[in-house]
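Below: the structure, in structure tokens.
All chains are identified by letter, namely A, B, C, D and E, in their written order; residue positions are counted from 1 within each chain.
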Amino acid sequence: MQGDVKRLSLILLFAPFALWIVLLIILPHLGMVYLSLREKVAPRVYEFGFGNYIDFIQEPIYWNTLLRTGSMSILVTVLALLIGFPIAYYIAKIAGRRSRGALFLLCLIPLWVSDLIRAFGWILLLRETGVISTSLQKVGLISEPVEFLYNDATVIVGLVYTVILFMIVPLVSTLDGMDDAMVEAGYNLGGSGPTVLRRIIIPYAMPGIVAGCIVVFMLTAGSYLTPILLGGKNSSWFTEQIYDQFITRFNWESGAAFGFLLLAFTSLVVWAGLRLTGQNLANTVAKN
Amino acid sequence: MNDAVEHDLECTGLSKHFGSVRAVDDVSFRIPKGSFFSILGPSGCGKTTLMRMIAGFENPSDGDIHIKGRSVLNIPPNRRNVKMVFQHLALFPMMNVFENIAYGLRCAGTPKSEIPQKVNDVLERIALPDVGNREIHQLSGGQKQRIAIARCMVLDPDVLLLDEPLGALDLKLREAMKIELKLLQHQFNTTFIYITHDQSEALVMSDNVAVMNEGRFEQVGKPEELYHKPATSFVAGFVGDSNRWAGKVEQISDGVAKVATEAGLSILCKPQAGVEKGAPVSIFVRPEFIAAQRAGEAGPPDANSNALAGKVDSVLFNGANSRILVRGPSSELIEADVVVTGGTSDLRPGDAVQLNWAPEQAMCYAR
Amino acid sequence: ETLRLLTWGSYAPEELIQKFEEEYPDIDVEVTFSNNEEMIAKLRATGGAGFDLAQPSHDRIYAAQLEYDIYKPLDLSKIDTSVMESTHLEGVKANTTIDGEVYAVPHQWGTSGLMKNKAMAADFNGWDDLCDSQYAGKTSMRLKRTILLGTAFAMGHDPFAAYSDLDKYQSILDEVSEELIACKSNIKAYWQGGDDLSAMMLSGEIVASETWDSTAYKLYAQNPDIVFVPPETGALAWIDTFALPAKGKADDAAYKWINFVLRPENVTIMSGSTGAIAAVNGGLDLLPEDKKNAVNAAFTPEDIANLKFFANIPPGVEDMEGKALEKIKAATGG
Amino acid sequence: MAVSTHNKGFLLGYRLYVGAFFVFLAAPLIAAGTFAFNDSLFPALPWQGFTLDWFFNDTEPKLGMFHDRRLLRGLYYSGVIGVLVASLSVFVATCNAFLFVRGEFPAKNFFYILMILPLVIPGVILGISILVMASNIANGMEDSFNIEIEMLRPGLPLVVLGQFSFITTITSLVISARLKKFDTSMEEAALNLGATRARVLRTVTLPFLRPAIIAAWIVAFLVSFENFNTTLFLVGSEAPLTITMFDRMAKVGSTPVLNAVSFFLIIGSGLLALVSVLVQRDPPET
Amino acid sequence: MNDAVEHDLECTGLSKHFGSVRAVDDVSFRIPKGSFFSILGPSGCGKTTLMRMIAGFENPSDGDIHIKGRSVLNIPPNRRNVKMVFQHLALFPMMNVFENIAYGLRCAGTPKSEIPQKVNDVLERIALPDVGNREIHQLSGGQKQRIAIARCMVLDPDVLLLDEPLGALDLKLREAMKIELKLLQHQFNTTFIYITHDQSEALVMSDNVAVMNEGRFEQVGKPEELYHKPATSFVAGFVGDSNRWAGKVEQISDGVAKVATEAGLSILCKPQAGVEKGAPVSIFVRPEFIAAQRAGEAGPPDANSNALAGKVDSVLFNGANSRILVRGPSSELIEADVVVTGGTSDLRPGDAVQLNWAPEQAMCYAR
């Protein structure tokens, strides 16, 4: 009898999960794949085929943009890691107990403000007549106004800014779990600072690093507003092309194909990253 | 300062203040070469802080530390030849046993070819020759313990620091490791400094014990000295079990004080330095020095000894360490060691008994 | 009842909405800002539901309706067409009649062209001047179809005529793309919205740009040196219309809104907000004073005569243009 | 000692770096917030003097945010969507937490990975895939049965579903983490003291989870509030604030009223975030 | 079955199998009313599983459980009048002390008006009258312990189960709580079943102790019986400290067996049931029964006793429980209790000694 109750409650708990995953994740994505396999041959006439994918392959613009998006996302991920790691380490290990909470909170506040506002803030700061250029002129460091906006470096800065919190949060929680004694043991046994970092802290933080990198990479590759608003004339981003396919060209079929390609591409990168570091999804991302 | 070289470690006037907390307060001591030295004290008394200063993880607020006669104040922790076994061991979970032990050697720049030899040697000495390839989580608690020691010993340290390394182990294992640690120290013949709040660990293993309280050393001495001749009332209460009374000295004669306790008893005892007539004192009597006899069997009370009539409240059987709780005349409980054989002569709850102890066994300290 | 407008950024000034709601207390007006492409995309996604009145440009109705069936025919009897200027009304009707049913009537018209800061770019007057190296790094454009068409005219083609022959149109597009890619290094940035453009222009970061006339008029009010420039080859003219989404639920309210905003006193308020000219009789005179001045400063009667009205976009062209724009955007240069 | 105390210079440099980082974090927000008080029609330098008009003024052209009906309506829809998404996702997340922390069933690991997957799917793709499916179904229903299911057209319900689809993963992780810390012997103790299963759930388990549930709710609300990528494709006529602001920026032109909204949101979100951190804090151990 | 009512708890043939693991294997016992019963066994022997079956959290694979003479197999856990103190206490952190104690009363439907009275009564009985409004985290370890017991006792259970409740406490507190628990049980006069792997806890507190091993009860008896008359070699080894030798019986006469150990010694001992000539046996001798004398001072070895010459390897000073390790002729270490006074007569490492013990004190079990 107890067994029956258990099974029933398991089924009751499983139902919302299954509805969610099947109806909102799996079916839509299958639908998207299905749609991407429809070729538009005339108004309101479609046939089944790989035309949308062939178009993608034949048009260098598309895959160049995808590669560009991918490589810039990787760059952003690496930068976020390099910038964020010392911060996370400081919060988790060096800050006093009280300032730790405050710093962590400070880290989070930009997280709760939308992309749009963050980009808006950057625009106000960086434009040729913006705060930074003006103040630099006032101070006398530059004589002419300088345009900081509208180039790839700005896009990268903006993206790093947008995503770095997602790097810091998992890192802090992993590093928090590391016993200080481990680092001390590293020194005590004769390790210098870099040795301890390389042989002890980084290996220990690996799950957090990987989790942070995955989330950051995915968010970057999937971001839309930041590259659009901060980007210069050469800054195409793959999500922008998806948007264009859907919105300005009404070409849902090819947009769906692009969507699927983006998903496949980013998944591939993540998979490769996991293989290289010997981690798996369940014990990294899920841990936080 | 020629004799300093004879000592592996010497601290002089060492202090550490965290804000207004005096975690370690003007501590001086020397540890002779190759000995097993314990620091015993209640939680929060500053033991760990003291050890961390020796290892170099904290800078002293004041005082100096000499290792092998050389001041190490300006040497960073990774350059001091003082190794440390941490409370939770701090073995590196991302490396296997071999790598854990080899870590220090690699840091020291030992040639690659010599490392396996050295690691295997030390593994053999701790009697775990075949665990090199195991992961840390595949080891039992006692094995981890020994690996943590091996990891330090392979570097041939001047001094090995151990911070309550048995705290995380379970009871039976802790008993076994006590003896094992002592044997390991014999074997390596290195100076061990051992921190603990468990008096039996400190007494059993050490050549010398320092009893620490509120950042200061109360007494440093051989285990027997601490137990039998505690210098302060703190040491008397902290080391070994005791019955304890508070009272006032009524008179002192012939090196024996007569004390009236707050509960109304009159106890003869041996006054320690500083005890004067009329002074409030604490009296400590160890249960093993109290003899319990059936009321009928005991002779008449001796005026030069202490005697109390009471009733057995409970018998705490614990093999060779059995004890009875006796409810004395003023209804407090007094502990006395007894032998329980399981035979008919054993005392049972409710039996009337007389408790006797000699004045010399009642230590009396000014409060 | 709620009237859900799907319209351009400035086509529903708060003042008018309040006035309208006072007049019809049982109607609530809800506005979604959009642009031509998004209007179609939204209505396509909703199957024509979710909105009660849309305002696409006259050239973007026919194909979208053919392909996605997102509008419903208008009941012209409910609209006071007599106030509309007949050329515009007839033109729009002709453009948006399918199977004998009319799908749109005109509302406001305006042009796309160029603007310049007279003080800094005196002899700037054609589409191709955007790529003139004397303004290097000081011009801007929006990467949308207008610039393709404008450049095509500047290069001597007639893209609207080529709509009937898509191969020809493609070859024009190729040429135009090449030109614009080469031009890339000359411009400062592609503007995204009126806001960017105003900021860059006002601050002097750029001296000339492709623009909507309305934006130029607004800036004229701030700085009379900034004027709209009808390109030599003719400004491109559009007419924003009224169309009813296929599954709109408040048709009556929509008709009320249409008639309401066409009233002369409201036209002035509307034009004041949009900067465009109402497609009603005497629309130009109903402009607020400052706008009227700006228009007069910009247009000569010849310029008006030289207007190029956008032609109906046949199916497929959007895709071709989209690709061309992507190519330009992705090309490295500049 | 997690960093060498022997190298004072290094530590100082480190502190400076951390300080610089927080300046970097705060700069754009401060910029976005500050211009809300600039008495100018454009959110740009030069500074024209302090004003509160962009919050409270009720006439054009300086229409303050509290009188701007469209912004207020966007705020309202954002709130409605946020509350719906947060409540729904917290409910499902609680079920998920019990399912994955307590349940034993075949292929649990596989399902667990499925559960965290939405977190790494780009938001744009979630948006379009849900849009595509909903449209397919709606068109299918219309073509075959001539029934129009308005719920499946872009609009409030789809926005809620779209955001729910990935926010649930976040809330599930938050609540699971707390449930994992729950000592099941607490439930057994309650049973042992005579409580029925339902009572145990009500009086012991759920109260234990409450801080995580509140925190997860707030997190979900904030994430929903700021979401743009997924919402963009699913929004109908009821546009939430981010979309309204984007439309305003891209199609009308920004005025400092957007800065005012930003300022308002920065303060509001900051306070909410603070609450979520505070409720999650356990009482100090003694 | 009239006498079943005299017993609060009776288990017959109780078993629990997890797959192929026989966690509890055919255990039968009865516990008399109002007694303190301990189950003592090494980690993983099935103690917790047994207790969980009694509380109703596990269904037995086999056997029956009677409480106050009534089988409870079909009664769900929340309806059994058996309360349990969990290892980590499982106090509800979201309720204060009062609410924790009131919880069970509310579940039982006690009228609202009576609850405060009952809670205050029980708080007074555990000598914590004023803590009702405290939060759980404001209590010390020992106080928490007592609240956990009060929470159960307020419900007036037939039996109180305690699963290693002292495991989480620190050393000094554990010593104190041992005695306190025994006093509490006296006071409530309820049947306590106490689980532990610490033999000293079991011996000190219990009226009866069951020694459990691999799912079975090896022996049930009074603490003195277990200590002095262990029924099996497991009990002899697990309860109390012992020296242990493995050997073969050479001859048996007059109830004394002569055993040749593997290391080559010859030991006289008392054979237990089942020991026959030629059988492999284990011999256990408690350190307190081995007398150590300086080699010179001892008389000549007595043929009817055991005598071994050796050398003191280490002295494990521990106050009244001091011990020496003697390296015997075949170089194994033998433990013997000694008295260390700190005087000159004490044995020191390196001293030659003779160890003597009577054959009756050497218990010998078939292996």
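The rule is simple: contacts are C-beta pairs under 8 Å (C-beta built on N, C-alpha and C of every residue); 3 or more make two chains touch, one makes a residue touch a chain.
These are the chains along with the protein names UniProt gives them: A, D = ABC transporter permease; B, E = ABC transporter ATP-binding protein.
Given the structure is predicted, the values throughout are model-derived calculations rather than measurements.
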*asked:* From the C-alpha centres, identify the chain that is farthest from chain B.
replied: C
*Once you count every C-beta pair in contact for both, which comes out on top, D-E or A-D?*
A-D
*Would you mind pulling out the distance in Å between where the CA atoms of chain A (ABC transporter permease) average out and where those of chain D (ABC transporter permease) do?*
16
*Please compute the C-alpha centroid of chain A (ABC transporter permease), do the same for chain C, then give the distance between them in whole Å.*
37
_Distance between chain centroids, defined by C-alpha means - chain B, chain C (Å)_ = 89
*chain A (ABC transporter permease) to chain B: how many Å between their CA centres?*
55
*Do you know which chain C residues sit against two or more other chains?*
192, 199, 203
_Quick check: what residues of chain A (ABC transporter permease) touch more than one other chain, meaning two or more?_
127, 129, 184, 187, 246
_Residues of chain D (ABC transporter permease) that touch chain A (ABC transporter permease) when the two form their complex_ = 1-4, 14, 17-18, 21-22, 24-32, 35, 43-45, 91-92, 95-96, 98-99, 103, 105, 109, 111-126, 128-130, 132-133, 136, 161-162, 164-165, 168, 173, 177, 222, 225-229, 232-233, 242, 245-246, 249, 254, 258-259, 262, 265-266, 269-270, 272-274, 277
_chain E residues within the chain D (ABC transporter permease) interface of the complex_ = 55, 57, 77-79, 82-84, 86-88, 90-94, 103-104, 107-108, 135, 137-140, 151-152, 155
*Which chain B residues qualify as touching chain E in the complex?*
43, 170-172, 178-179, 182-183, 186, 197-198, 200, 203-205, 222-225, 227-229, 239-241, 286-288, 314, 316-321, 325, 337, 340-342, 346
*Can you list the chain A (ABC transporter permease) residues touching chain B in their complex?*
179, 181-182, 184-192, 195, 199-200, 203-204, 206
*Would you mind writing out the residues of chain D (ABC transporter permease) in touch with chain C in their complex?*
42, 44, 60, 63, 68-70, 73, 131, 135, 138-139, 142, 148, 150, 153-155, 233, 236-239, 247-254
